[in-house]
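Below, chain A partners chain B and then partners chain C, in two separate complexes.
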Partner chain A sequence: MTVKNEQEAEKSEEWEPKIIAFLCNWCSYAGADLAGVSRIQYPPNIRIVRVPCSGRVNPYFIVKSLTDGWDGVVVSGCHPGDCHYLTGNLVARRRFAILKELLEFFGIEPGRVNFMWASAAEGERFAVLIRKATKIVKELGPNKKFEKKW
Partner chain B sequence: MEKVGAVMVVGAGIGGSQASLDLADSGYKVYLIESTTSIGGVMAQLDKTFPTNDCAMCIVSPKLVETGRHQNIDLSINCKIQEVSGEAGNFTVKVLKKSLFINQDKCTGCGVCGKECPVEAIDIFNEGLAKYAATSVRYPQAVPLVYAINKDYCIGCGICAGVCKAKAVEYDLEDEEVDLNVGAIILSPGFDEYVPPKANLYGYGKYKNVVTSIEFERILSASGPYAGRVLRPSDGDVPEKVAFLQCIGSRDFSGSGNPYCSSVCCMYTAKEAVIAHEHMHQIKPTIFSMDVRAYGKDFDKYIIRAQEEYGVQYIRSRISSIQEVPETNDLRIRYETEDGKVKEEIFQMVVLAVGFNPPNDAKYLAEKFGIELNEYNFAKTDIFNPVQTSKPGIFACGAFSSPKDIPDTVTQASAAAGCVNQLLYDEKGTLITEKSLPPEIFVNGQPPRIGVFICHCGINIGGFVDVPEVTRYAKTLPNVVLSDRNLYTCSADTQTIIKNMVKEYHLNRVIVASCTPRTHEPLFQETIREAGLNRYLFQMANIRDQCSWVHMNEPEAATEKAKDLVRMAVNKARKIQPIDRIKLSVTPKALVVGGGISGMAAALNFASQEYETYLVEKQDKLGGFANNIYHTLEGGDVQAFITDLIKKIESHEFIHVYKEAEIENIDGYIGNFKTSIIYGKNKEKAEFEHGVVIVATGAKEYQPNEYLYGQNDLVILQSELEKILNTSDDIKKKKSIVMIQCVGSRNDEHPYCSKMCCAEAIKNALLAKEKNPDVEITVLFRDIRTYGFKEKYYRKAREAGVIFIQYDENDPPKINVEDSELRVEVKTARHDTINIKSDWLVLSAGIYAIREENEDLAKMLKVPLNDDNFFLEAHVKLRPVDFATEGVFVAGIAHCPKTIEDSIAQANAAVSRACTILSKEEIEAEGKTAQIDMSRCIGCGMCIENCAYNAIELIDDRRFGRVAYINQALCKGCGACSGNCRCAAIDILGFTGEQIFSMITGRVS
Partner chain C sequence: MGIEIKNQEIENQMRELARNLLNEKKVDVIIGYAKGTVPLSSAPIMITNEEDIDKLIWNNLCYINLAKYLVPRIPQLIDPEGNNLKVGIVSKGCVGRALIHLAVEKQINLDDIKIIGIPCNGIINRKKVEKEIDEKEILEVSASGNDIVVKGKDFEQKFPFDEYINELCKVCKVKSPPTDASISEACVGECQEISNLEDDFADLAEFEAKSSKEKWDYIKDLLKTCTRCYACREACPMCYCNLCFVDQNKPIWFGKTTELSDIIVFHLIRAMHLAGRCVACGACSSVCPMGIDLNLITRKLEKMVKERFDFTSGIDSETLPPMMSFNMDDEQEFMLEED
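Here is the complex of A and B:
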């Protein structure tokens, strides 16, 4: 996408953000499947990457997603206490608490990177969270902070 | 007589397939005999299943494919049983294999013959709604996929033989007769649906727009006659108002139908109404029913959703006749409303919810196998073991013994396999062959050659995503040498296509873009392994559950998303490498948690197969809640049964019983668990190792706060009444008893049906009437749920003079105490409020599970609980006793409220599933574990802190010094260590950093 195109796209209301979602295999990915099985509709902006556990998500994955031009990032795991791997999501929670501050320090708007919990039985909740995340990122506009300028 | 390590399974529906898989996986040779030309039975005909609305074909297809290709299952189609001789342990069965006139070994299922056949014949699978040729398969995803010629329609023109490239058509192929020697027999012929007779009140067969529920199921199906659109047969219009009539041919004492309840119609009707509305929003369904019998796990919630979210209207009325409006072919229905008024309404289409008949050949089978049938011509089974027929060594499962739904059928199928295990365990492994796989093709260092298979999934994906466009797009991606699309990628024929393509195009990576890897990845992995590729050279793009189904109104965006997902999968596939699975040893011992009826039945089954079993009970005596039950509704003596069971358990050399026990800790994984408990009065400690766990912890009887329970001595629970009736003559002094149903069930706090309270109330009412015919008994109910053959007792109770009055859940009965007398005030629909003087008020208290009690065990075993605090199985339809965590199973009321017979069946089923593990010396573990690059590790130890499984330790390596080391058997591959590694020294096989980065960069710009 050229710079000119992007500016046009930004101005028009047609602009749709692209959001990458790292979902843990046992809860959130299954929750996303349940949303499908229940035919609960949500915006088509997210692209799901399956990971074994939210604890697998290295902070660098998130940074890489932002530098690579994704407009938003979602990381979703099991509810605290429900982790299939006992404590993986707690490890993730600690890690992301720090990362969040770091990203804000870089100037990444809060809301562009979302951490959330959705269980395998929460298809509806998953859809609601994705709708919300999509809305926030859409309001923030395209992610240009890490755009290469040269 | 010498025992034989082989089993015959008769009938290859979902029940027969499940029993065959369990047995074949436990080391028995299985002969699966099917009378039609393909397996799958009724479930393969269904569009969706309740209560999850899962696509039936999608969930059953992997199981059928697995059955069809299991090396220990010998599948024969188009067969007839000729003769049976022998006894338990050694039967000989003469089977007639009828000719298909097409050679099964040569036929590829290409379908050219069917296309060219000039004679149009009716196909059975679509219930007569679509036309097919005389040469046909039953449905496009059939297992096995071979065509058959229907000689009744064939005119012998010879065109098919001419066009067949495989030279498979052989008109003179003759029937074949074989003698099979087996140790046990499982009968699972299923049922036949009730067909309304020619001169019926509903105009079925006369009015075109009156269809049966199974015909309507085909109309709903994507692979059905109208490709998933709901159209009425007379003119192809979309019907706006559709009426569903319940109890057609069920609960019918007039003589034209069956007197019993068919158990499943209430639920499938709700499902068909919901799906019809979902397919076409203009459809407004109305359901006419007597009682709504939503007694299973999460069924009530489904009915509520149908009403609230899909606008399904319920009218409590039984329709006696239908009239057609001649000009429009609409249908006029007259019905009586609850307050007694007569109304008339016009509907565009009527669906008759037909019940279950015993299979048409039930009598033939019973005679051949020498088993007894019951009064309704279903198989007669043992009062406590619902899979044991009247003849030892012959078992029955599924709808052959009583009408039942899919999970109950699957449970019984496993239960039958569990009972076979008990009989033949010492012949295990004598007649089986090991699966021979081709050596793995060496792909390391070679450039990726990727094959992409994109699934239409009927219209599930194809209806919303432009599949041809995605296929074209995939072809343009780097390293993709083949891009293909299929109607159903999971079907047996597509597996052959994939294998052929791997060979033809020298593929070394395969991608399937279809549904979710959570259900279908193992199937495709097995396919590519058979083609010689390592299982892990496979990727899936989820373009259905996470794309087409959630973006149904945005086909373009959905197509874009599907392209992105495929591209991301291709990017990842370019980076994937083969992974070797590690082998784990198995400790052939079992732990059973809970010493109630389910736990004891499971322990006894394990022990009789000579597996050492640890039975852990919280109370100081075995028996659990069954200690309070005297009889079942059908008359089984529960006390005698459990006394005998406890005696057997306590004296069994292979069972170790621990009472007053508490589990301290459960460690380990499938095949290798380690448990420590504290037991007995002196708080002794015990530790043991075992390979599997069965959770049979049961639940509690609700202790009501409502209706003055605990405040007035005249208010008692059903279980208390049962005790009084069975141990004293107090009932003789009573004049009037009132029972209230659904106390602590089907409310906001416990939004489910406790299943047995209706039967319990009727059982006690009948016994009370027997002991004191003058006592007046009034049952206040919301719906009477005497499903299946229990209906007989409901009728008996009414004949005995028990009065049944329906109350409104929003206006429950009120209790007044006047001069120490109870007066029950209840508002009825037709009459005004009535006031009943009552000597006893008996509350039918429901069953509930306590989160605090189940939570600890659930956490230790890493298994989930549902919203109602019952244990949540791996899949509600097809894996009713398994947990998602391998090696752990559930049985009895811990799973959801159920009867004693069902609990015992589930216990045997859990044992059967567990035996698929215990019967092996070693099992293969998942290969996606953490790997460490020692050259990068600085030995900081951060990973050790993050590892929840203690799989990592620091070692001193000869070359790299102090570094982390990962125990592969303990590692679960969660990646918590890797996400934290500051040196990027740890990677998770299957989810490496490199692979995930490649997906991140896979965005289509």
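Here is the complex of A and C:
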């Protein structure tokens, strides 16, 4: 194959985003598991990191993921009121609200960072939301704003 | 009344109050402003002797937030006997706000503090003035009538005061320190009770109407000269963390370079840390050696917590700040939902 052909081949091959997903141990991780055992398809773009609670997700994790080159970040926890630690997700929710608004304010696509609730019984919902998040990030294209030049 | 006359009045009153506090042994030390070493600046001063009271000044260059000197990032004001020193602190509105907020965060104890309230009339935007005179050397700055008069070797220029104060001062609604029943003990001088602070944030409308790309370009342009000297952090009364995230190296949360992505992360996370805590004093912008004006971010922080959580930092000593609390019924319009 000539170089030109190679480039063309690359272009036609659809670009797929890489998304890192922080899932709380008690709900969303189990939800993802349920989606798996129930054979519900969801995009293979996400790489899962299991965290004890959505309240464990420090904004540093999210921002560092973006600077490390992930195209998108997903954080998912138990529904409000259902957190295993009672209020971890309520504290987290305030943090996420501020982070998301600040990203928008800085002109960084807020769609790169998505927050969701999914319980251990909601395998279907988990798959739907991951599909949605993947679609959003895919439409935004590769994460270039945080690219390092040196 | 000209600004210089008003400033003189404020200065006299403030010295009087400070002198009384020291004489009556109500405080051990007065923290205030003194003349700066170069024109267009001021310096902090700690006074324990009555003779030094006349070194205290008040003018429109007192940009430092003195509350910074009470928080533990710098060794605390504790005397060898193990008693907390009693401190009198010269407070414009935003210093008062910082003190209240620090008390809410349990960093200081207002029982040990006397707030010497003064009605601030705005701080000069040093960078704007400097730019206007092409950064020529300034020998003298004074106020006269409604103008700032800047004198150099072979020039003298006047600037209308209202236009050349910090953007934050232009929209400031808390000119003198806030007070309420539970902290009125600590207040001497001019303080005000504020029940409900209304703000329409009209100054942000223009920026917020921009498209995502325009915002990014603007922010990029604004911050690109940042050298990450952290002067803004050092000047900030709320940045009292013993180990700031920028100094952490296990793990390293973001690179140590002055490449754009690292600069953006620094300012983004710092903003995050100041949500619901920033008291909009503008000290960060005043001390930035690169002349970066952070007021846009400051205002956004204020707007976010006001609109989302109906909170304004440093106004009352009872309400828990939003990032220290939570509510089952918080808005969650940003969460991903099924269609």
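Here are a few things to note about the model shown:
The working rule: the second predicted complex is superposed on the first by the 136 of 150 C-alpha atoms of A that agree within 3 Å, B and C clash if a C-alpha of one lies under 4 Å from a C-alpha of the other, contacts with A are read in each partner's own complex, and residues count from 1 in each chain.
We take it that contacts are C-beta pairs under 8 Å (C-beta built on N, C-alpha and C of every residue); 3 or more make two chains touch, one makes a residue touch a chain.
The model shown is predicted, which means the values in this text are computed figures rather than measured ones.
Contacts of A:Tyr29 after superposition on the shared chain: chain B is touched, whereas chain C is not. In the superposition on chain A, A:His84 contacts chain B only, with no contact to chain C. Once the two complexes are laid over each other on the shared chain, residue contacts for A:Val51 go to chain B alone; chain C is not touched. Within the superposed three-chain model, A:Lys64 lies in touch with chain B and with chain C [touch as defined at top]. In the superposed model, A:Lys18 makes contact with chain B only, not with chain C. By the touch criterion defined above, A:Gln41 reaches chain B but does not reach chain C. Touch criterion met: A:Phe115 reaches chain C, while chain B stays clear of it. Overlap of the chain B and chain C contact sets on chain A: residues 59-60, 64, 87, 91, 95.
Those residues of chain A that touch chain C in the shared complex are 59-60, 63-64, 67, 80-81, 87, 90-91, 93-110, 114-117, 125, 128-129, 132-133, 145-150. Of all residues in chain A, only 1, 16, 18, 20, 25-26, 29-30, 32-33, 35-42, 44, 47-53, 55-61, 64-65, 68-70, 82, 84-88, 91-92, 95, 120-121, 127 touch chain B in the complex they form. Looking at the complex, you find that chain C touches chain A at residues 208, 210, 212-220, 245, 253-255, 257, 259-262, 264-265, 267-269, 271-272, 275, 297, 300, 304, 308-309, 322-323, 326-328, 330-332, 334-339. Partner chain A is touched in their complex by these residues of chain B: 52-54, 278, 516-518, 542, 544-547, 549-554, 557-558, 560-561, 564-565, 568, 862, 864, 866-867, 872, 884, 928, 946, 948-949, 972-976, 978-981, 988, 990-991, 993, 996-997, 999-1001, 1003, 1005.
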